[in-house]
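Below you'll find a set of structures to go through.
Same chain, two partners: chain A is paired with chain B first, then with chain C.
On to the complex of A and B.
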C-alpha cells in the first residue's frame, strides 16, 4: 500500500491524468453534443480510429503535423457524416449504423495501414509527425502546479478549451438551444419550424469532429504512431462518461477526468509487482463501477420523483 | 356582409387508410370573432383544424385566407399567414425557461450567442400587452397546466398569429383556470384577434363564443349565432343516430352481482380529479352500458377495472373479491376479459401472427403446454376453430395480424377475449372503426355472451350500439356518473344528449340505483 501512495501522490501522476484524459474528454464532448440532440453516437470508437490513422498518414505524406491534424478532424467529421446520412436520411437504426462504422473502422484501418506500410500492426515505418507540447510561461514556474499544468501536448490544452466552447455552444447559442430542444421534445421543435433532421445532422457532424480530435491525439501525441485498435475502447468509455455526467458539460468533463485518472492509474501501477493483465483492466472496471453507481442514483432519483408527485395529489 | 378572414370550401379529407374524416365541409371565419367548432369525438373537428394549420392537406376543396387561395403544406406555411395553434398536448420543451421556449427557432442574437435579456424582454412585453402573466425565467416543467397554456398562446402570438386555433383548451384546466382563460381570450378578441375554439362543452361555448359551427360524422350540421340557438338545439344537432340497429334479446332474470364498483375516485398526474365517487354493479347476464362524450372518465374507469390504474379511493370487487392487491394477470385469472379500445396498440401485437395473438392471454396455462413446450397441435386446433367460428377473413393462422382489415383484426381480439368463458367482459369501444358487417357480428357475440350469463361492461361513444345492447345504462360526465337509466331503449337520444353534455343531471339517489342494492 505504501508504494501505491508513492506512485499516486506525485506531480508526474497528476500530469499523466491530464495526458490520458485528453482523448476520452474529446470523445465525451462529442457524445454529449449528439446525445443532447437525441442521437446516441455509438460510432465514436470507430471515428477515433479512422482519425488516428488519417492523422498519421496525412502528416507523413505532407510532412506537416498541422495538416495531419486538420485531416484527422475532417476525417472524423466525414465518418460521422456517413453515419448521419444512413441513420437520418435512410432511417437505419443508429445502433446498427454505429456498429457498422466501428467494424468498418477496425478492419479498414488495418487494411489501409497494410497497403501503405506493409505492416499490419503499427505505422512505425511511416515518417509521421507529432504535434508539439507547450510550456506555459509563468505557470510553469509555480511549484507543484507548474509541473502538473505546464508542458502538455497542444491537444490537451485544446481539449480543456473545448469544454468551454461546448458549454457555450450548448447553453448560449441558438444552435445549442435547437439541439437541446430537438433532443428533448422534437415535436415542440418542429412546431416552431426548427428542422429536426438538419439539427441532428449538425450535432452528429460536430460529434465526429471532436471524436476526430481525440483520435488525432492518440496517434500524434499520446503515441507517435498508429497501431491497430489503438483507441482500446475509449470511444465507449466516453459514452459512459457522458451518461454519468448526466448530459451536462461540467459533469461529462469531470467524469472524463475520473476515467482518465483510472487509466493513468493502470499505467502507473505497472511499476509495481502486480500482473500487467490485471492492471490493464482498471479503466474498464472503473467505468463499470461508475455506471453502476450512476444507475443506482438515477433509479433512486426517479423513485423519489414518483413518490413526490404521488404525495401531493389534487393540490388545486 | 362581414369580411371573411378565412374560408374553407368543400373540404373533403380521406386518410391513406381509407378513413373519411371530412365530407364537403364548409367553414368560414370572420375577423375578430370567437368561433366555436363543436362535435363529438370523431366528428372531424381535429382533422379540419389540422388542415387549417397545415399539418394535413385536404384531399379536395380549397382554403382561402384573406381572399387568397392558399396551399398549406406545413405548419410553417400557416404560421407565415398569421395562423397559430395551441395544441391539446403542449408543444413545449420542459427543461427550458419560458423565454427559451418563446424564442426557439427565432432567437434574438448578441454576437454568436442568444440575447437572453432581449428574449426575456420580448416575452414580458407581449405578456403585459395581452395580460397573460408569465415569468420569463421560470422553467416550464415547474409550471401548472394553466401557465403552460399561456406560454403556448404567447408562443403563437410572438410568431405573429392573428388567427388562434385552440384545441379543447379547457379539457385540462381547473374551473378557475378556465375562467382566467376566458378573460384572456376576450382580451385577445378586443385586440382584434380571431379565435377558433374547439370544444364539446356547451356551457363554455355559450359563454364566450360569437358563432358556432356544429359538426357530426365528418359533416357540418350548420353555423349559428350563439344567441340564436339554445344548448338543447346544439346538443340535438351534435348527438344523434344515423342508422337504427335492432337486435333480439331474450329477457331473463339477472344472476349474482359479478362486478361491484364502490365509491371509486381517481386523480391524474396533475392532481385533477378524473373519477369521482363512481358506484355501480353488473350482474351475471347483464350488459351495463357506459355512455358519455370521450374524456369524461370512461377511459380511467376501464383502467381501474382492468387493474392498470390503482384507484385513489374506493373499491372494485369481482365476485365479491377486492382486486386492489392483484396484478393484471391475476385479475384476468379471476375470469375477467378485456377488449381494449385501441386494437393497434393495446388489443393486438401488430407484427405477430394471428395465432400468437389468439393465444397471448392463455399460453402460460398448463392446458396449452406439454413438457415445457407449447402444445402446437392443440393450439393449432384452437386457432383454426376460432378463425372459422368468428369468420376472420385471412390467409391462415400464421398471417401477420397487422395485415388484416380493422374489422377482422377486431374479430381476432374479440375471439381471444370471448373464448375463455369469462365471468366479466369489459368491452371498450368494441366496434370503433370497424365495418358494419363486423360490428354486427361483434354485437351478436356480446348478446350471446350475455345469454350465457356473462356480465358485460360496454363502454361506447356510439349511441346506436349502447342504446341497443345495454340492459341498463350509465352516463358519465366530468368523471361522475350523472345518470342511471334502467330502460335504455325507452330513453330518447335528446335526453341522453343532455346528460352527456352536462346540461342535465340526475339526483344522487337516482344515480345510486346503479348499485342494484
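On to the complex of A and C.
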C-alpha cells in the first residue's frame, strides 16, 4: 500500500521536480522579460515547439548537440523576432499575433518534420543528439542532497543560472531599467528619451531566446527526440507562473518550481491510482485562485485610494 | 474589404509558393488544393460540415472581440459541452427530436455558466480574461477527459471513445449523401439572432459602446460590468451549443482526446469577419474550404495537410496588422517626398 508521503518524500521525486521544472522555468523567465516591457507574449508555446524541432534537426545534420542547442535558441529568437516585427511595426494585436505563432508552430513543425523524416508523429528516424547530464564533483557525494542536486541535465543548471541572470538584467542594468520603465508607463519612458519600440523589440527577442532554450531541453534532454505538440501546454503554464509570480523574478521562479512539483506529482500519483487527468489540472486551478486573490486585493487597494482622495478635500 | 481580399490573395500566393517548393508536380497539386473541395457533392458536403462548428466559434468570438474582450475560452467550452451533450445522448431516454434538443441546450447552458466565471472575474475585479480563460481551457479539458475515461468510456472499443449514443440523440441529416446535419439551421438562426441583438437592441448598443471604450461607456451610464457578464453568458452559450452540435451531428461516440482547436479557429474566423455576425458565414466557409482543399491535397499528392497551419498564421498576422497597407503607403510617400526634395 503506497501512501502519498511515500511517493513525495524520496530523492527521486525531488530530482524529478527539478527535471520537470526546467522547461517551465525557461519559458516563464521569457514571459517575465516581455511582460515587464508591457508586451504579453502568448506565443511562447509555439516558440518552444519550433525550437524543439530546430534542435533535433540541426543536431542530426551537424552531428553536434551543441550546434543544435545554438540553433534552437536562435530559432526561438527568430520566431519572436517575427512576432515583434508584426506587432511593433505593423501593429498586429499582440494576442492575435501570439495565436498566429502557436497555430503556425503546431502545424508547421509537423509539416517540416514530415518533409524531413517522412513521419508525422516523431523524429525517431533522425539521428539527433542529446545534451549531456552533469555530475557535480563535491555535491554528488553529500547524502540526500547529492542525488537531488547532482546528475541533472546541463540545461537544468542553465535554467537555474538563468534566474540569476534575469534578476541581474532586470534590476541592475540600464537595459533592465528601460524595460521596466517602458512596461510601467511607455509615455513617460518615451518623454525621457527611451525608445519604446527598441526596448520592446529587445524584450521580445530575449523572451524568444529563453523559450527557445526551454524547447531545446524538451527534445534534447527531457526526451531524446521531437514529437508532435510535445510542449503540451508548458508555454501556457509558464504564462501562468509569471502571472502568479506577480512579475518578479523570485516569484516567477518559485511558482515555476511549484508547477514543476505539481507536474511531477501528477506523474508520481499515477501509482496511487488517482486519475492523472484531474491531477494535471492542479497547476491551472492554483493559478486561477492566485490570480483572483491578487485581482481582488488590487481592486480593494484602488477603491481605498479613491475613498481617501474623496475624503481629503472635505478634511481641508 | 479591400484589405481582407489583399490578405487572402497573399495567403494563397504563399500557399502556392510552398506547394511549388515541396511538391514534385506543383501545378497538379495546386489544382487539387483549389478545386477538389467543389469537385463532388460529398466534398461540398465536407466543406459545409466543417463550416458549422467554425461558424459557432466564430460567432462566439466575434461577440467577445466586439466587446473588446480577449477571452479564448471557447476552446475548453467546446470540449466540455461536448462531453455534457454526449453523456445525455448516452444515458437519457427521450423522444426523437426532444433528445438532441435537450442535449444541445444542456451543453449550451453549461457553456454559458462556465463562460460566465471569467466574465464575472473580469467585471468585478478586472482579472485578465485572457489568462483566466486559458486556465479554464486546461481545467475543462482535464475534467472532461477524466469523465470520458472513467465514466463514459466503452471498454469494449479499442480506442479511447465513449459508449455509442442512442440513435434518438443523433442529429438528423439534411442532405442525403452528405453528413450535413440540422446544426446548420441552428447556427444560421443564431447568426441572425446575434445580428439583431447587436444592432437593433439597447443591450447590443451597450455592448458595442463598452467595446469601444469601457470608461466612456461607464460614465455615460452603461453598467459595463453587467454588459461584460452578459457577453460572456451569450458567447459561452453559443460555444457550448457548437460543441454539443458538433459531437451529436458528426459522430456516434464521443471521441475527442485532445482539445479540438475550434476556439482558436474561431478567433481566426472572427478576424476574417471583422466581428460582424453575417460575415462570420463567409469567414467560416473560407477557412473550411481551404482546410478541405488541404485534406484532399494530402490524400492525393505529396504535400501534407499541415501546410494549412502556415497559411492560417499568415492570414492572422496580416489581417490584424492595422498598419499593414499603411506601412507600405507611408514608405512610398516618404520615397516620393525624398525624390521631390
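Definition applied: the second predicted complex is superposed on the first by the 271 of 316 C-alpha atoms of A that agree within 3 Å, B and C clash if a C-alpha of one lies under 4 Å from a C-alpha of the other, contacts with A are read in each partner's own complex, and residues count from 1 in each chain.
Here is the rule we use: a contact is a pair of C-beta atoms (placed from the backbone, for glycine too) under 8 Å apart; a residue touches a chain by one contact, two chains touch by 3 or more.
Not measured: the values here are computed from a predicted model.
Once the two complexes are overlaid on the shared chain, A:287 sits against chain C while remaining clear of chain B. By the touch criterion defined above, A:178 lies against chain B but remains apart from chain C after alignment on the C-alpha atoms of chain A. Set side by side, chain B and chain C differ in how many residues of chain A they touch, and the one touching more is C.
Of the two partner chains placed by the overlay, only chain C lies in contact with A:233; chain B stays clear of it. Judged by the touch definition given at the top, the superposed model places A:91 against chain C, while chain B stays out of reach. Using the contact criterion defined above for the overlaid structures, shared-chain residue A:157 touches neither chain B nor chain C, since it reaches no partner.
Common to the chain B-facing and chain C-facing surfaces of chain A is no residue whatsoever. On the side of chain A, the complex with chain C involves touching residues 40, 42, 86, 89-93, 95-97, 99-104, 106-108, 110-111, 114-115, 120, 233, 236, 239-240, 243, 275, 277-278, 280-281, 284-285, 287-288, 291-292, 294-296, 298-299. Residues 168, 172-174, 177-178, 180-181, 184-185, 187-194, 309, 312-316 of chain A are the ones touching chain B in the complex. Per the touch definition, chain B reaches chain A in the complex via residues 75-76, 79, 87, 90-96, 100-101, 103-107, 109, 112-114, 144, 155, 159, 174, 176, 267, 269, 271-273, 312. Those residues of chain C that touch chain A in the shared complex are 22, 70, 72, 121, 124-128, 130-132, 134-136, 138-139, 142-143, 145-146, 149-150, 264, 267-268, 271, 304, 306-310, 312-314, 316-318, 320-324, 327.
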